[in-house]
Amino acid sequence: MPAPLTIGLIGAGRIGRVHAANLATRVPGARLLAVADVNEAAARSCAEAYGIPGATADYHSILDDPAIQAVLICSATDTHAQLIEEAAAADKQIFCEKPIALDLPTIDRALAVVERAGVQLQIGFNRRFDPNFRRARQAVERGEIGQPQLLHIISRDPAPPPIDYVRVSGGMFMDMTIHDFDLARFLIGSEVEELYVRATTQDPAIADAGDVDTAVLVLSFANGVIGTIDNSRRAVYGYDQRVELFGSAGAVMIGNNYPNSAVISTAESVRRDLPLNFFMERYTESFVAELQAFVEAVIDDRPVPVSGLDGRVPVVMGLAARRSHAEGRPVRLSEIVG
Amino acid sequence: MPAPLTIGLIGAGRIGRVHAANLATRVPGARLLAVADVNEAAARSCAEAYGIPGATADYHSILDDPAIQAVLICSATDTHAQLIEEAAAADKQIFCEKPIALDLPTIDRALAVVERAGVQLQIGFNRRFDPNFRRARQAVERGEIGQPQLLHIISRDPAPPPIDYVRVSGGMFMDMTIHDFDLARFLIGSEVEELYVRATTQDPAIADAGDVDTAVLVLSFANGVIGTIDNSRRAVYGYDQRVELFGSAGAVMIGNNYPNSAVISTAESVRRDLPLNFFMERYTESFVAELQAFVEAVIDDRPVPVSGLDGRVPVVMGLAARRSHAEGRPVRLSEIVG
Amino acid sequence: MPAPLTIGLIGAGRIGRVHAANLATRVPGARLLAVADVNEAAARSCAEAYGIPGATADYHSILDDPAIQAVLICSATDTHAQLIEEAAAADKQIFCEKPIALDLPTIDRALAVVERAGVQLQIGFNRRFDPNFRRARQAVERGEIGQPQLLHIISRDPAPPPIDYVRVSGGMFMDMTIHDFDLARFLIGSEVEELYVRATTQDPAIADAGDVDTAVLVLSFANGVIGTIDNSRRAVYGYDQRVELFGSAGAVMIGNNYPNSAVISTAESVRRDLPLNFFMERYTESFVAELQAFVEAVIDDRPVPVSGLDGRVPVVMGLAARRSHAEGRPVRLSEIVG
Amino acid sequence: MPAPLTIGLIGAGRIGRVHAANLATRVPGARLLAVADVNEAAARSCAEAYGIPGATADYHSILDDPAIQAVLICSATDTHAQLIEEAAAADKQIFCEKPIALDLPTIDRALAVVERAGVQLQIGFNRRFDPNFRRARQAVERGEIGQPQLLHIISRDPAPPPIDYVRVSGGMFMDMTIHDFDLARFLIGSEVEELYVRATTQDPAIADAGDVDTAVLVLSFANGVIGTIDNSRRAVYGYDQRVELFGSAGAVMIGNNYPNSAVISTAESVRRDLPLNFFMERYTESFVAELQAFVEAVIDDRPVPVSGLDGRVPVVMGLAARRSHAEGRPVRLSEIVG
């Protein structure tokens, strides 16, 4: 058994704590040595909950610690690129939550630093590690559905985020659809060349914030596949995460996950409980699996499964989506330059 | 009990025989008195099979028969408009298969003749009468899903028609998608203002014929709903006819119909038999119900449920779809003029 | 095309009218010439509704009519055996609703008369002709599930019959379970040797009438299969008709039939409409298919698919069930003698 | 936060390691201090894998350690009762895998010792903690299905255990059905008064060992519910664990758990992958939840949720099942005395 990968966590918010819990209990081969958060109390609380030896308000003490081989960047989005650069300069292996940044020049500078440093960078697109979507991808790879022709992604949240977050999120395409962009690329294994957006806003507060909350996107892939993404910020029945892939030899459909399999028949209807409400419940296993994959790749010195480029392309797609929506026309990704 | 509606059938091909069988056995209040087909043997065979008193090669004998109150026009598409005009001139109530014609001037002339004659004209968009799609529409009308926001129609055929038919069909949008255009209008109860098409061709013979066989369309409705239609000429697992409607208070999904409910578990998989293969099996009940609705509306002197205008609009949408595909941009329906 | 089989219908009640409608419209090869009912108005109404030339209060005029080749006996249960004997004596081919009678001596006398007359007798166990249950049987015959080992039948009615009917019905085992006894024999293709009953009564009126309304039966087949039947007179969610067959190579499960495939998701649940409410809706197709099979077998002079013996055995099982319930022990069918 | 409950594990076999892993990572409030196994290498391997401070071949060192408050007994079945007695004498709180023993005198002596010692004893009937079965029980408790009337448990293993184990297992009813006996009591909340067994043996090796491998049991509950259990040692499609509860106001059905939600349609069938293969995958969450419940009950000094009596009754039922099978008749539980 190789020595465990020693890790420092930067950012002890919601997703940071998920990763801390998983590293503490469900990811063999990793050892979380320290946690940093600008809110020192948050860092301490996280350290206590998950048995992490060190807690600090200053992430530099993590970057400076030679005993720490890798960092998890779970801080606010606008700090991601800077932290990636500093971590790379400190020769740490890097796992960073999405997105790297909301603009391409910042992303490209960070990726250049990573490349020069020769460290690995994995982006937190966790849905690739969901057992359902992996099975859909597997159906393609095994030839179970032949040559893919059509793709549909349904991706609806149970409720919009706080309006203050909406204002700084980069907009729905950059904040929410970005996961679907990554999933589309993962499932099809080809790049999107052009996309077209049709969007509306149902929620007046979101309209005031200048954003949309309901959209259909059409993706045209280099390999000829046509895809759609259906987004809503508010599905009253809960988190709706489905995929359909249609090909020359068949189709594969991924349904929602439920808290139980109970079907109840009464004088009114045949019904079941609502699907798992949100990503913390729906994607539990994927958060474990992405970290496990990161840890194993670093230990084995193999390429991580979601690269820096995989972090860049969905941002390009998000920028193209914004432009398509603004101009009411299909936009080629080649139109989007830093 | 009122006197039965007396009917003459023009066209004894596949769909004509379906209607003859239904009138003979499952549509109370109707009496099929004669059938005409340019192929007189076909007319006679149909008459014999379904107990129809008269069979003729010449449809004029039906139009000239004062004992016949209504006609069913089931002949080749390019004869529909002319027959509608002649039937209206003969003061017959009219049921005509879709489409009225492939161009607007012809359609508009026929509708003008119908209007002047003061007869009724119902177009054969049978899917509106399918119990599943009616239930989806009912969910909207009852407020079960609140205000509709998103619509998806999956409509895939098991196999393309003969290539000779493809050449004269007006193209996939006019021949196949036209049913989905009608269904979309029926489900949403609002008009489409703009549409965008992305299409490919998988089958070389269809490419040679200048048509597409795989497409995604985005529909923008006047009431703000965004819809998609997904079409394929070849779904290897059979006829795929599904709908999803998403609204402010929920969603309704319509699945496929199957020949049985058997689920078989073996050492390999948990599986069921393929869905009903094509429209003759899948839409059996809708063919009965549309004729029943026509017969009752005429007898009661109420408006028929699918009007001449309902026959015209999907043709406009088909023309817009062709243009969107040709020009690679969203097309407003207002751009399409006769 | 052979000459149609000419038929007389005895009994114009609910099931008689179902057969009349099917013969009029959906059973090629048959011609219904007359209908008899002790209530002459019922006979006339039936004749008018389905275009039957003759209507009479006296069934003898049907038995005496040499133009009539076959009779359908749909009268009250206590007249079945007598009518079978008279029809056989009149050299008619016979289709008779279940049960032949509630006691074995009466059944055996009727079957003996039929055998001497050399006519055919088919019993109306329609469920054998349901597409779902046929598919389950087919799974056995094709070897899809290997050697059968376990069988479960769920058979629950939406509501009990009128209490006056309960009193003369012969009890739930003879009136309701009898269909499940037949289905069990059909699915397994082997005879039951022993059965055990556990039953309760929920409804006080049924208790007063000396009957049960809720039961589980265990069937031991000659070929080693163990089966259960689950009966209830009152399933508030509607007619519940399911089957599961488990074998050495897999299992087949038959679910309920629904009026539509709509699945509706709201803030409360993911639900669908209730299953088809009762046998008239659930088994529509089976009523057509059983008559079609009778007509074809008689015309082709082949054995009918549900014989007089098939009508006798379930009555033996019903008598055994009564005894098992009364004595609280497993009862072998060989204990039941006329 | 209260001090953690300190625990010693006796038995480092398959289920012991499951509990060790869960205590190490997923059960807050517990601290596993030592593991004992007669195979000392197994104890050491377990200790190393899950970070347990102590490992020993002699369980007495656990019982003698005053720092250890509770023990988990996961050793061979024939040692359970003796270990319960010794642990109670050492004043430890006790969690013991099922069954306590295969005979009532042994069980009763152990329970008496526990009672005198005033410690708690929880039996490892984990299925009560499965989210699906809890939801079924909840449907009863909330009145969603009214008054329960009928219960069905389908419980089939993917493959029989090694024949050497079959020989010492106490037979299928005591080894496998015992879980279903407990589940039945849990779901209905009433005691079984009588049961009837019908069983066969498909596998010659199991027949040689004097056991059955296929069975249907009928349970008669004190509150009038009638239940069935369907067992098979070999379901080729995997672990089949379903429940149906029918009541005066509706029914609840629990289906199997699957590794993913993918539905794949091809030219052959519409299919999904096999259900989770066996209890380690199917009941993962229930193993965590039962330990969590034990730990919390002990810390809070509340009664544990599965008592020593809950461990005794299913053994009585297993003995009654054996007798019913041997004698071919329903057996009342009151006939079974130590």
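Just so it is clear, A, B, C and D label the chains in written order, and each chain counts residues from 1 on its own.
In this section, contacts are C-beta pairs under 8 Å (C-beta built on N, C-alpha and C of every residue); 3 or more make two chains touch, one makes a residue touch a chain.
Worth saying up front: this structure is predicted, and the values here are computed from it rather than measured.
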item	value
Partner chains that subunit B and subunit C have in common	A, D
Chain pair among A-D, A-C or C-D whose interface repeats that of B-C, sharing over half of the contact pairs by residue number	A-D
Chain separated most widely from subunit B, comparing mean CA positions	D
Whole-Å separation of chain centres (CA-atom averages), subunit A against subunit B	43
Subunit A and subunit D: spacing of chain centres that average the CA atoms, whole Å	39
Subunit B and subunit D, separation of their C-alpha mean positions in angstrom	58
Multi-partner residues of subunit C (each touching 2 or more other chains)	235-237, 249-251, 265-267, 273
Touch list for subunit D against partner subunit B, complex	235-237, 265-275
Residues of subunit D that touch subunit C when the two form their complex	146, 149-150, 152, 154, 156, 196, 198-200, 202, 214-216, 218, 220, 224, 226-228, 230, 232, 234-237, 240, 244, 246, 248-251, 328-330
List of subunit A residues in touch with subunit D within their complex	24-26, 131-132, 134-136, 139, 144-145, 249-257, 259-267, 273
